[in-house]
């Protein structure tokens, strides 16, 4: 559907089916919003406390992770309860390259993306034969098995075993008089923005339409000549790569990777983030990322069990009250706004 | 004779435009009403609407009480047994279990045992297949099983959807012979949907002709049998 | 070969637990074509209820019985309240609901009872191991209990009218309605029964793995593997699958992959079955999903 989701500074102006004048006006407004949003985000690097910056950095990373999940589950209908595995793959790739081979952080990013993308592609093949519950079940099992695999003795020398690996945030370039966490925040934002733009382009193009066609009418799509296997495996690869890159970003923000950071709860958290933000929504991933960073933080002050309870209740409530998640509200609001404007 | 089942202004569909448009029909106590019509006329839809299997509007009265809007299982418990198209047998269960299920809501064990005996007398083939999985029975045997199961409800009204469908002529004769005997001996009322108009009109005392969801002709079976239009369209003469 | 025999027997004991949970999963799957992701967490919660009863002074078997009834009621309630409106919802929505249930049960357990790891009493403790040192009292007792439960359930479904009605409702809900069966309530009963079986499984496994809110996660995974291996639409097959997985897990864990990779083994079984023989060893052919 046309119209930029509200609250997303990342989407650039979208074309609508209306009269060119109204469409140009909308594009201008969206662009202005985008610029304003970018300015605010950049300015906050210098206005917020290091802890808040850290949280926002994490949120941006998680937003990308949820975006990756959204590609696979939201846009392509393959239910993945194991995206934490790809997050872990990216995180560990970065950590291992930085720790054992002294690579600079930026150089590890493409490798992390490739590694998790390859893992996603590998998962995508058996996923072709499964669907619905079976795929959910299998990916869930993958998520549960991940910490055990990471702790295994055979790869302990690389992964650091139970204790994990420590890595350091990259230093800002010498000519910039800013702190390391500000630098990381800004670069994470930039990278996330680029990834969001890429995903947004992918989704609104031919491939995106193919993804959705396969999700909604697989038999018809195949009858029309679409190569289901290719689209589905490549979507898995792309989604996994995105989430893997997010894992790399997250790893360097936390400066630490360990097997118990990547339990099944991570996969479930990403899933909840996707549902809250809205499946099949680019902007929703941003809301999801913010949600899973800030809400548990607030909730944990009540009780250790609170985050899980909130997630659970929200999942069920959303089903009945607001299946489209935040993006659903966003689209409704935008639609109303433009209608009043006479834009339709 | 008293009216057992009466439907008025019955309108129903499967989500899109309605398939039935204000159908009215009646079945007498102990009588047999045949529902005739071409494919797609809505005959199966009527049976489904009467049983609450699809959303419908209109009035349906059974023995004076309104049953429209009730869930299917409640309607069955009031004594309406529906033998659906495709037989609806429990393929994974044995013949014995299928028949037990027919009487699953009844409390009168002795009467159930008697009814079971009666059903097996009517359809002796089922006794031979007692422990066999219902899905492995032939088409004719499955039809007999479906009817027998319906009878075990001790229904006041039997709804039959195309009992002759897909059956060899011999099997058809067996099934309809059993229906005729049922009607003569037990006085069970029947609403019979059949594409085989000749068979249906032979058994029935009243008949309704359905065309694209509307009743276009109604009356005594003998009269319809003589009607020229019916003869041309449905009896092939 | 004493080690082998010991592992084998231990495998049968844990296999009984997996078989019970697998049966619960399959019962729900057969009736609704949904996989209950929350089965493990529900069982954990039930086990904590039993623990609380025992702590409160109740005799062990009374606590178990009370827990079984309470779990049954909770299972029925969940089906009627949460799942009935979701009967024809898309798969993603149902997965959301089950994950939500899982999270809620897990957090309620944690909130009420805390996250400390606790020992759980077993009524089968003996001072010395039985059968010539082959098996602990608990393993033997637990196997006996799970076998008894499975036998009871089998008898219920095969030889009672209600059991027949529930099977009919699962196989063919439309025809079941036509004979007057209240299909909705049959599904609710199935959920209640599954929850009750899960409670027994939880109480049997707790003395072995110690009581803590996440104790059933691994069991759930193995139960999935067992149910798939046996055939997810075949209760007897699922039970056989559960026992098989238990034995394989123990033997492979001892001789092949080491205890650290046991969960990976479950994953391998799941993937292997779904790819090579999706209907399981004893199940009917599964419809293909595009």
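To keep things simple, chains are lettered A, B and C as they appear, and every chain counts its residues starting from 1.
As a working rule, a contact is a pair of C-beta atoms (placed from the backbone, for glycine too) under 8 Å apart; a residue touches a chain by one contact, two chains touch by 3 or more.
Quick caveat, the model's predicted, so the values are computed rather than measured.
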| Minimal path length between chain A and chain B through chains that touch? | 2
| request: Name the chain pair with more contacting C-beta pairs, choosing from A-C and B-C. | output: A-C
| request: State the chain with the largest centre-to-centre distance from chain C, centres being mean CA positions. | output: B
| So how far apart, in whole Å, are chain A and chain B when each is placed at the average of its C-alpha atoms? | 57
| Cα centroid separation between chain A and chain C, in whole Å? | 34
| note | Taking each chain's mean CA coordinate, chain B and chain C are separated, in whole Å, by 43
| note | chain C contacts chain B in the complex at 161, 164-165, 167-168, 171-172, 174-183
| remark: Touching chain C in the complex, chain B uses residues 51, 53, 71-73, 76-77, 81-82, 84, 88-93, 97, 100-102, 104-105, 149, 153
| Sites on chain C touched by chain A in the complex | 33-35, 37, 82, 85-86, 89, 91-93, 95-97, 99-111, 115, 217-218, 221, 224-225, 228, 258, 260-264, 266-267, 270-271, 274-275, 278, 289-290
| field | chain A residues touching chain C - in the complex, by the definition given at the top | value | 73, 77, 79, 81, 126, 129-134, 136-138, 140-142, 144-145, 148-149, 151-153, 218-219, 222, 228, 264, 268, 271-272, 275, 279, 303-309, 311-316, 318-320, 323
